[in-house]
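Encoded as structure tokens, the structure appears first; notes follow it.
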Amino acid sequence: MTQKQVRIGLIGVGFVARCHLYGYRAMPAVFPDSAALPVLELVCDAGDALAAQAAARYGFRRSTGDWRKLVTDRDVDVVDICVPSNLHREIALAAIAAGKHLYAEKPVGLDAREAAEIAKAAAKAGIRHLTGYTYLRNPLVGLAKKLIDEGAIGRIVHFRGAHNEDYLADPQAPFIWRCDPAIAGKAGALGDIGSHIIAIARHLVGEFGAVCGMARTVYAARPTAPGAAQTRAVGNDDEAQFLVIFANGAAGHIETSRIATGSPMDITYEITGTEGAIQFDGERMNELRLYSNRDPADRRGFRRIYAGPEHPPYGSFSPGTAHGLGFNDHKVIEVHELMQLVAADKPPLTDLADAAAIARILDAALTSAAEQRWVTL
Amino acid sequence: MTQKQVRIGLIGVGFVARCHLYGYRAMPAVFPDSAALPVLELVCDAGDALAAQAAARYGFRRSTGDWRKLVTDRDVDVVDICVPSNLHREIALAAIAAGKHLYAEKPVGLDAREAAEIAKAAAKAGIRHLTGYTYLRNPLVGLAKKLIDEGAIGRIVHFRGAHNEDYLADPQAPFIWRCDPAIAGKAGALGDIGSHIIAIARHLVGEFGAVCGMARTVYAARPTAPGAAQTRAVGNDDEAQFLVIFANGAAGHIETSRIATGSPMDITYEITGTEGAIQFDGERMNELRLYSNRDPADRRGFRRIYAGPEHPPYGSFSPGTAHGLGFNDHKVIEVHELMQLVAADKPPLTDLADAAAIARILDAALTSAAEQRWVTL
Amino acid sequence: MTQKQVRIGLIGVGFVARCHLYGYRAMPAVFPDSAALPVLELVCDAGDALAAQAAARYGFRRSTGDWRKLVTDRDVDVVDICVPSNLHREIALAAIAAGKHLYAEKPVGLDAREAAEIAKAAAKAGIRHLTGYTYLRNPLVGLAKKLIDEGAIGRIVHFRGAHNEDYLADPQAPFIWRCDPAIAGKAGALGDIGSHIIAIARHLVGEFGAVCGMARTVYAARPTAPGAAQTRAVGNDDEAQFLVIFANGAAGHIETSRIATGSPMDITYEITGTEGAIQFDGERMNELRLYSNRDPADRRGFRRIYAGPEHPPYGSFSPGTAHGLGFNDHKVIEVHELMQLVAADKPPLTDLADAAAIARILDAALTSAAEQRWVTL
Amino acid sequence: MTQKQVRIGLIGVGFVARCHLYGYRAMPAVFPDSAALPVLELVCDAGDALAAQAAARYGFRRSTGDWRKLVTDRDVDVVDICVPSNLHREIALAAIAAGKHLYAEKPVGLDAREAAEIAKAAAKAGIRHLTGYTYLRNPLVGLAKKLIDEGAIGRIVHFRGAHNEDYLADPQAPFIWRCDPAIAGKAGALGDIGSHIIAIARHLVGEFGAVCGMARTVYAARPTAPGAAQTRAVGNDDEAQFLVIFANGAAGHIETSRIATGSPMDITYEITGTEGAIQFDGERMNELRLYSNRDPADRRGFRRIYAGPEHPPYGSFSPGTAHGLGFNDHKVIEVHELMQLVAADKPPLTDLADAAAIARILDAALTSAAEQRWVTL
């Protein structure tokens, strides 16, 4: 292999780290012509023993129990941050100070202030950075963007977005770190998954002008462990929703819930324009629906477009339409983006500046809910 | 026929009157055991000539160009009001004064004040009355209600409702009376179709506690006629949406649009409970989807239930599941309800009291939008 | 009303007669400009008492217990035959001999021989006749036909058709007359419902060239009544299927079942052409899906077209797309066709000649199944 | 890493080889506890130069232009055959003779005779073998199997299966090796993709008893290259279909097409039982629909079950239901199966014996089509 090697230092080995690993592993099979290939150089978990175990299990060359060693390791090119939000700031600033590139999971930091601080430091240091807004990597988001930019649906009038999941729909589901604002931030479902649909809205419609919403903790306390009698108070929202006015005048509504019984992956966007409309449903992630009022009147209707080679970079996965990508393939695409960013300075779909902008919207939505009023961005 | 005959006096012969006629005509074939049968006694249109023409065309015994004659005609039992909202108050009060029963199209009156006045007069006079919230007559609304009442989805946490249509999606579509607040009321799309989804929300979830929303006229002016250069200012909302807190604590969102490109009949409700969920989409009006978390974990999912004989009064239309009802069948059911109301004093699904309650919600939504704040009901 | 009156003599008052009644009743509200209006003149049921009861119940002027009187009654213009197949021949021939027009439910007669005999007699007598292939009256069949005739999908390569229902899916469902070949004919599910999808195939693709199939009685015997210990042998097919070569060279497959657990109304057609494709699913009878390979490559897909005013005669029911027609609306359209046929000599979508052609296909399919070989038509 | 290493020798680097590579690459991230990990030891392509290039591109340690060297290479544990069918026999027999384990793409060999010869040799030699019937690896096939085995749908009455694609739907699409019977076998679409749905039918319903079908070359000749004037005769079927009687008495129909305009990935199965039904559609590969007649009568319906952790091995990919697997994930699962087979002797879902059984069905279907008669297996 004559390709450049990009040495990854991964911090944290939970759910999302596993998705990153999938991306690192599968990427070379999908993008053999990538400007660079990732190398699993160093992994950090809580303590040397666990870290060593993770290295063995996932195929890293080396391990450490101390993230400070990782961010300054001279054989690490990219620091990949897969830890809860409360640790983002310190780690990110240290990595930036060490001149490392950053691959940061969303939402970056505990709130808008932290996200802005990190983004500013990165910009000042000139390092390269990518924020992992997974669902933006779906090739059909690319198609939606292209259609909108081409004018296929005219001027955007309305945006309806949702990211609902059911991972805490069971009232007896135990307290997890995402319920703790000190670790996950004041935005609960809103920060965890609402941020994804906000990212998509910004990407497809544009900047947010003002929001007015509500946020609620539906299950006030949860068992500390499965079946435990002891409970712990949930400190952030189980569900949130808000009205939006976009800077370009479009109206919108965004909702999110982690207690949406029956909706394991309801990441939905419906964009109504003056001449057409676009619809997407995350439970059917390989389909985009397009309506055009330019079709003859007797045969107008939403057409169900399956992801295919015409929707880059789908063609790198398969030459056949509707073969279907999976959730983890988002991360394969994201890792490829990371390689192109680090090795060839190609800008990613979302970086720390986007993360900071999204964090401001999250804060505005929470303020709006707390004070029961519209908040201008 | 030994059944009682209920003599109808119809005022107005536009679109919705045609639907009523369908109901009057088809009802006896569907409900041969109805307590009464409608008789097309008297029709009123603008002027004697047009009225006579309508009588001939639609099979009424007699006609008149003067609605005052109709509401006092001694051979009329029920006054059926199918005229625009600005005429509701005067006609309804006169009919009530004459002791006639009322079949009133929605939304009753120009605003909450008028609706309340009419409802109060009717209650005082003791006449029988039915308000035509068409979509509530879908047998699947009955199933949804039964499931909720039985506890099949637990406690309701969230309601998402929409009634979007595209009848003014074309910016060149000419000005119609529904765009004129003096005729249709200050609520545009909100009053015309938003009222339907509000009616369903009230029926299934319960009373509204507070709302906060926005309402917009997207196309400020429209041609006065197809292709005309002259335009006329549109005086009410093309689209509106609002957040809701229901009296029982459930959260919700309701949206409506008459410019929803690609959505000719998007009357949607999605009700999330603590133990299940219900979904309905008006473009597939013969299906209700139900999710239950009591199903075994490996086979949980929304089941698509087709309307069938188990969902009264579907069985009066067909013994076969999924044979399918159509839009006009709503009115067949509604007319049957009217017959049972007038002849057997069986209470209807929606009457003038409901109309008044819905009108209050419409007013609150508009106030909230105008003043950009939450409004308590 | 200045319109011609067409006086109906109805024989039989079972399920399908109820659908005809719906048609007769609702038609004038939907088609006020029809060349004629139906009059419920005379009804015949088994015995004078039952007939009188039916007349009172359904609003006929007169009744009789003797169909021979009905077919020769001088105030009857159209004889409407809604009795089981074994009675078709005798009644139809008598009605033709009396110079009556015929409205005959499908499949006409017990077999191809009887259907041909009736069709021949009708042709010779010059009476007007319509055969009630209900589902052909869906406006979307009209759209499919238009699209095919226009070349929108190119040359037809493949047809897949099904009409599956579940009305006998329960093995304990009692024996009904449709299980008795002496009454319903040798074709069980095939004759009852398979004939519908054959009718659609003929209409959209063309004449059948050869068939090869199988037909099976899955539940050999059924209780004679609900819960009865005594059973009776089922004498015709519960399910049947066959391969087809159409005269124009297209290949196809047609299947039918009356024991299709979970499929109450699976009347499906999928037509694949060289440049596009069409799909229809009877459980969503207001949608047709169209694929065109002339769309740009990055946005090809089946578009979901809702029935609307562009698809005659839908506009007579509603000015709004996706308002939705119901099962009984097929018969409203069919009755209008009957009126136009009788009063204005406009040819119907299906007449006795079609019935005879379909009966020949049914016979060929059964022969093919019995002799396990291809049969040329 | 203490896991066993299984050294792969891959022959052929076309489309399906790319899918295998994806599987080899991603597997360790998904199944870190696998009994073994694959090592990309040796790759063979047509000529040393191309092979070296493939090795560099895809990360193999070594390369060779001669498959005979690969199959006898002492550092190869598994020979992975990704070449066209005409080369299967010679390579497989040589690999077996050399004592290598086999990972053989479907359909194995040119016909039933070759498939049987290879299967027999493998059995005799005692080597381990897996045949890559990709779609069987979908976790939802596992759920379908479990549901059937549990009796959730009662006794199977009917199976409808299809594998339609559109990769040659364009008549101007050039001739490919799959059109040449000398390379791909006499079964065209039938062998390439029809074999997949046959594999699923066998897995879920059981052995085939008899078949009767037809097979057609719709486009007799194709350009030799894109836009070329010169054409070459297509030597096998573009579409095929057949009726089936399964050994257990169930009836069925199977169809396949490579010219199915609009259907890029229509791999469908619909299984009707006496007490329920199962439906799957490959264009929505993360959903299975289940109907049970044990649900209460007023809420029966097909439930849409999304793949989730309850459906092994989905949980190894994600803890979240409906996160979605993609086409290439089938091969990740398949490679894991291969590792468990080679390192722990766990039997795979499909091996050479299955391949031989399927090849017999393909031959029977072609014979049946050629001789226009039923063929017993």
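A, B, C and D are the chain letters, set down in written order, and residue numbers restart from 1 in every chain.
Following the convention adopted for this analysis, a contact is a pair of C-beta atoms (placed from the backbone, for glycine too) under 8 Å apart; a residue touches a chain by one contact, two chains touch by 3 or more.
Bear in mind that the values here come from a model prediction, so they are computed numbers and not experimental data.
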item: Most widely separated chain from subunit B, with each centre as the mean of CA atoms; value: D
item: Where subunit A and subunit C are represented by their mean Cα positions, the distance between them in whole Å; value: 54
item: Geometric centre distance via CA averages, subunit D-subunit A, whole Å; value: 34
item: Distance between the centres, which are taken as Cα means, of subunit B and subunit A, whole angstrom; value: 42
item: Residues within subunit B bordering two or more other chains; value: 300, 302, 306
item: Chain contact topology (line, ring, star, complete or other); value: complete
item: Of subunit A, residues touching subunit D in the complex; value: 1-2, 15, 18-19, 21-22, 24-30, 32, 56-59, 165-167, 264-265, 282-287, 306, 308, 317-329
item: Residue ranges of subunit D in contact with subunit B within the complex; value: 143, 146-147, 152, 289-290, 295, 297-306, 310-311
item: Contact footprint of subunit C on subunit D as seen in their complex; value: 153-154, 157-158, 160, 169-171, 212-214, 216, 218, 239, 241-243, 245, 251, 253, 255, 257, 259-263, 272-277, 291, 293, 300, 302, 372-374
